[in-house]
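We call the chains A, B, C, D, E and F, going by the order they appear; numbering starts again at 1 in every chain.
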Amino acid sequence: MSYIGRKGIHYFQKLNAANVASGLLEKGQNRVVDASLTLIRERAKLKGELVRAVGGAVASASLLGVPLGHNSSFLQGPAFAPPRIREAIWCGSTNSATEEGKELNDPRILTDVGDVPVQEIRDCGVDDDRLMNVISESVKLVMEEEPLRPLVLGGDHSISFPVVRAVSEKLGGPIDILHLDAHPDIYHAFEGNKYSHASSFARIMEGGYARRLLQVGIRSITSEGREQGKRFGVEQYEMRTFSRDRHFLENLIPVTIYINRAKKFPERETEK
Amino acid sequence: MSYIGRKGIHYFQKLNAANVASGLLEKGQNRVVDASLTLIRERAKLKGELVRAVGGAVASASLLGVPLGHNSSFLQGPAFAPPRIREAIWCGSTNSATEEGKELNDPRILTDVGDVPVQEIRDCGVDDDRLMNVISESVKLVMEEEPLRPLVLGGDHSISFPVVRAVSEKLGGPIDILHLDAHPDIYHAFEGNKYSHASSFARIMEGGYARRLLQVGIRSITSEGREQGKRFGVEQYEMRTFSRDRHFLENLIPVTIYINRAKKFPERETEK
Amino acid sequence: MSYIGRKGIHYFQKLNAANVASGLLEKGQNRVVDASLTLIRERAKLKGELVRAVGGAVASASLLGVPLGHNSSFLQGPAFAPPRIREAIWCGSTNSATEEGKELNDPRILTDVGDVPVQEIRDCGVDDDRLMNVISESVKLVMEEEPLRPLVLGGDHSISFPVVRAVSEKLGGPIDILHLDAHPDIYHAFEGNKYSHASSFARIMEGGYARRLLQVGIRSITSEGREQGKRFGVEQYEMRTFSRDRHFLENLIPVTIYINRAKKFPERETEK
Amino acid sequence: MSYIGRKGIHYFQKLNAANVASGLLEKGQNRVVDASLTLIRERAKLKGELVRAVGGAVASASLLGVPLGHNSSFLQGPAFAPPRIREAIWCGSTNSATEEGKELNDPRILTDVGDVPVQEIRDCGVDDDRLMNVISESVKLVMEEEPLRPLVLGGDHSISFPVVRAVSEKLGGPIDILHLDAHPDIYHAFEGNKYSHASSFARIMEGGYARRLLQVGIRSITSEGREQGKRFGVEQYEMRTFSRDRHFLENLIPVTIYINRAKKFPERETEK
Amino acid sequence: MSYIGRKGIHYFQKLNAANVASGLLEKGQNRVVDASLTLIRERAKLKGELVRAVGGAVASASLLGVPLGHNSSFLQGPAFAPPRIREAIWCGSTNSATEEGKELNDPRILTDVGDVPVQEIRDCGVDDDRLMNVISESVKLVMEEEPLRPLVLGGDHSISFPVVRAVSEKLGGPIDILHLDAHPDIYHAFEGNKYSHASSFARIMEGGYARRLLQVGIRSITSEGREQGKRFGVEQYEMRTFSRDRHFLENLIPVTIYINRAKKFPERETEK
Amino acid sequence: MSYIGRKGIHYFQKLNAANVASGLLEKGQNRVVDASLTLIRERAKLKGELVRAVGGAVASASLLGVPLGHNSSFLQGPAFAPPRIREAIWCGSTNSATEEGKELNDPRILTDVGDVPVQEIRDCGVDDDRLMNVISESVKLVMEEEPLRPLVLGGDHSISFPVVRAVSEKLGGPIDILHLDAHPDIYHAFEGNKYSHASSFARIMEGGYARRLLQVGIRSITSEGREQGKRFGVEQYEMRTFSRDRHFLENLIPVTIYINRAKKFPERETEK
């Protein structure tokens, strides 16, 4: 058994050692992946049934945690984030009323389908190609349960790729994305990793999952970042010219509207 | 829907509201619990197959995380502990050789079957009676895959009950327990909670899962703690008399031996 | 002796046990409360005499600490705050000149009459009804020493009630209050506690101590918060409509003016 | 008004400015000191009455806080310590049973008479000569209420002097002291301060309040420390020779015994 | 040998003890100072040669660390700052592109000549008069290597004096300074220290090193600060009048322009 | 210019770019290294002269800091350690008397020659082969000034190699080393780095700088660690057998004695 990576919570080994039959590992991984997706499907299904039984909901934001940190080139902490974000949401220091006057403890407003078991799947020797598929499938499973809308809790920025891919495939076409970030995360590959948190938007654009990509708030972009932006037709708005672009950017029609409209009006036009 | 508890990571609601059909919740919970156990079974099975394929292992400690904190009467942090313990095990500041010279990255020494999805199960409205059963079942699933031996990562001390119950039921009889703690954790119920972290050994003794219970290191015990100890025939060794009891305690035959012997020699005698 | 509460710094017991004569506790509490108020009176008197002897002061802000934390429904830290606030005021990292050019070490600008011995009074078994009276009396003792003006250092938000009550009673009528907070703190009772930090403005309005209550900055308000607001005629300004209300709010005549005018011109009109 | 010191929580000024009548400050200080001692007397009296009413107590340790930090030559944190020590005693992470099996929430075991208002007294311009007297008087007030025994919570080490002085004067003669510390704290004065935390035992020995002073655990002693030790006949046991002295030191009759015997048997002999 | 100061990293002693020949110390200090300056000269020279060899640079900001903390009247941490600032610049959490699109890892943009060995020089008994000269000389050594421009990393604010002195002397006349700070740092001496971090601008103005001094952002200024400001003709802009002065201040021609113009156009006029 | 490493405080570049003349960099590096060593020589010389002038010293421990962290395979913090260690030595919380009664502020006991400018030398493009030589030369420069004895402050463990090499070469033969550590640090190379903190003792043994190497306290050793130990004749004492070896290890004649004896008695025998 040889070493494939020590990053993160588990110690991962290549399990295809000489005295392990070739099919054994593959079959086991298949069963673990299937069981993982079944568990997410069942949780999403139960939450969807309940919200529909309560009735009257148009859309319920549904938390889906993706505790993945190994594609970060710096610290790995995002692997621990989803439970901490939930703890902050429900912290006893506040009540659950939002500024708009909605109650977060009403399942018609907010539901939760738990976490994708990222660490356990990796610990079974599953590689990132397949792991990214599992994340995409998990997002789709939530989207299948109307009126649940996945609100994905990262995880490092590499998960933007499988999440956007799932949304695009489920809605039936490329979507418009408003990306607020100091970096474009559009390297072809970073430190040799095509799934790096610094490469997620290269994967999204390559896959044709975005119609328009607006990157707003860029503060630190290298020449490769600019070239990739041009190559893919990305609209990059940097902070140094923000005052010039501000009026346009603040009057965009919110991207969530686009997503819904995308489903029904694939021929939609860009806003002015 | 009425409120049942805000402790911990999720906001939990009683989901049996008027407009939710009575069977809907129950069926959904059943499916989620079944899928959770299936996922643990598949991970344990894969790890067991691999260790057996590599060959030559007598026993492989197999990590099973139980991220549960709501039965603590003080802080809830243990709900976040299992991933942090794994991070410490594999931290880049050390190599993986133990003091005895074994390599932790050898699956014949250490494997990992991941976490019981405690928070998600609770978030589906499952109560503690059933949750404790899920934990017991998870421990048994690991024990079914020879040569895996569950090494359970808590979680607050309330999980000692379902873990010991599972071991006892799987081995076929009450076991001997060496319990190192400053408190006996043997209240009948603490602050009204029979599954409290301060009541786990009351549940163990009530259930008949222990033949001998040696509690060593007691520093802070109330009168109820002493009475419960007498009632259940617990051997309580306090720190204030440790120097008197030291010789006896340091010469106990290790409890792991008892566990193995318990399986084969249920008629075993106590050590002298 | 039975238990009444474990929150905070002391362990408090109901001291009316069988073998304690009924009058003993009451008389002792009376003596402790009297001595506490005498000590505050003497400190205020000395500071008032000194400022008057120095001469030339119109008003000297006079710090009065109220180290009370047990009416918070979350953390109890405010019980430790007053000494820490003083430490920050006099920290060696800064000089004592304010942005307006005044010197905080001039007693005509700032004086200090110390803390109400909240913890010790509670530890003598005094309940919150009486404790709130002691706080109100302490504020009045400071107001009796011209030109001292109490600047009260909390303590959790429950102390707003006794402080406002004292100011209103001393000035001779209801006052106008500008309340800057993300929450309205106007529950009838929170978790069964009528003196909760989340209920102080309900007590203030019930008591008729406020002519106008402007709550500005509300971000998180429940339906009970809105209903209580309507019931008491509170003017609630939420952050989500702040840009609409901004001009009005920024042009209010400062509330400190109202307080002084309230005394002399009870027939005053609201500003437009 | 001129500056006397900025250390600690308050800003202290010399209040004998030209336009302040000479007697005004002195009279005010007298009233504040009297009221402070009255408050301590009343709290001690109430606690004494209650313990005697409950009956059956031989001695109840009675907490007296002295929040004083300005005589430390390094950090001033001890001024904040007494409330933090109480918080640790009653922290919800533990129960209140001691290793010896006693219940700390039984007033026959532990009572509390609160804090000496050190900061407020200093803020009234009272100097350290008088402040030290207030501390001594406070200790005596607790000792007057049988069966209370003062357990003083510092505060920096400078308070050892007024506390030992009070005990000695109350018991009627010099006492034996077992002083466990890495430093002897016996400089004649440290950085010009005769009440420094590094000089408390010089004041104790000068005043004749100790019959024997055993300093155990010394790790860092200067030549002045050794000379002062010889001058006062102090028995200094350093860590570098601890293994040689260990048997003698571990077989001392506990100093609390001496204190009680001192009262009744002033002619007592040293232990062998 | 007598004590001169314990502040900071080293223990400094007056080394002119009776049995140390008078010239020995002075000669040794001379050699250490000379070697220190030689080392800075060589590092600056190498960096200058490299940038010139690469070619095409107009100005390369060149980091010069001055790890000095003992002239702070509060904490001494700035003595440790320069390596920490460099660590933050090169931290793996970011790339090296600036908001303006320049690459910090291009030596034509940023170079580094290391630290002045402040602590070692002080530890050789060198006093602050001479130490300030060493700092000024070090700045000049960097300025001699075109196109390097010193970007000095403090160190407490006392180093502004030797740095400004060096720039002024090197450019051949007084310079214009835009000083952004909450304090004017213009006491004649603070706590008796003429090199205090609170006195650096008094030394600059006394020495005639500034033509105009604009202090912007003042929040805390004492009467001495105002008087010194008037005495030296400083333009002090306080935060309380910032909205009034904002237009003027935001339309200043950047001070770096002044510095360059100062060299060539000493007769330059102030901007309108 | 190509990238050679981003680890640590500076950004290091290969400076041999096409348009930089080949000799320019080499000559500049030579001058910087020479100036660095000159500065250390002068500081050591001054301290040596002073101690000799004071007279009466047999040996003065002389601090030499080596702020190097880039050979650590985990965190880089040791690059910041030497100033922090000095700060702890002179911290105002303690006096300067040691447990043995010596005064650390007496230069006959403790002197300081400052830090090797490790970061600046690396930033000039000097590689580790030469850097290690600079460290060795620095140690020798201190040893040349009788009665100074270098007490080297790391820095990561990679500096043990150049330090031991210097001591051995200066004393004229291999030395005996008592190495207290949980790891043997004897990998041939770690992660491809022959100067890794995990390989320093491989370099020492290869170079023949140790006669005996006793490694005591080993807790975590891999098979390569054991093989390298055997290959070089290292005496490895593990914690798991410490109780067996304790008597022998506690009765070793201190290694500092060996060092001195090594110089004069190269034919010395091992202790029994």
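Criterion: a residue touches a chain if its C-beta (ideal position, glycine included) is under 8 Å from a C-beta of that chain, and two chains touch if they have at least 3 such contacts.
Here's who's who by UniProt: A, B, C, D, E, F = arginase.
Please read all numbers here as calculations on a predicted model, not as lab measurements.
Participant: Chains touching chain E and chain F alike, please list them.
Facilitator: none
Participant: In this assembly, which chains make contact with chain B and also with chain F?
Facilitator: Both-contact set = D.
Participant: Considering chain B as a copy of chain D, what rotation angle in degrees (nearest 5) results from a C-alpha superposition of the former onto the latter?
Facilitator: When the C-alpha atoms are superposed, chain B turns by 120 degrees onto chain D.
Participant: Copies chain C, chain E: same or different interface, half of numbers shared as the threshold?
Facilitator: Shared-number fraction below one half, so different.
Participant: Select the interface copy of D-F from among B-F, A-B or E-F: the correct pair shares over half of its contact pairs, counted by residue number.
Facilitator: B-F
Participant: Between chain C and chain F, what's the gap in Å when you average each chain's C-alpha atoms?
Facilitator: The separation of the two C-alpha centroids amounts to 61 Å.
Participant: Find the geometric centre of each of chain A and chain C from their Cα atoms only, then give the gap between the two centres in Å, rounded to an integer.
Facilitator: Whole-Å distance between the two chain centres: 48.
Participant: How big is the gap, in whole Å, between where the Cα atoms of chain C centre and where those of chain D centre?
Facilitator: 34
Participant: Could you check chain D for residues that touch two or more other chains and list them?
Facilitator: Those would be 92.
Participant: Among line, ring, star, complete and other, which one matches the pattern of chain touches?
Facilitator: If you draw each chain as a dot and join those that touch, the picture is no line, ring, star or complete graph.
Participant: Which pairs of chains touch one another in this structure?
Facilitator: Pairs flagged as touching, ordered by label: A-B, A-C, A-E, B-D, B-F, C-D, C-E, D-F, E-F.
Participant: Using the touch definition up top, name the residues of chain C that touch chain E in the complex.
Facilitator: Against chain E, the touching part of chain C is residues 92-95, 97-101, 103.
Participant: Would you pull the chain F residues touching chain B in the complex into a rising list?
Facilitator: So the residues of chain F touching chain B come out as 73-75, 183, 219-222, 225, 238-240.
Participant: Which residues, counting only chain A, touch chain B once they are in their complex?
Facilitator: Residues 1, 3, 6, 8-11, 13, 15, 17, 19-21, 24-25, 28-29, 31-32, 34-36, 38-39, 41-43, 45-46, 49-50, 53-55, 67, 79-80, 83-84, 86-87, 89-90, 92, 96, 104-105, 107, 112-115, 117, 119-120, 123-124 of chain A touch chain B in their complex.
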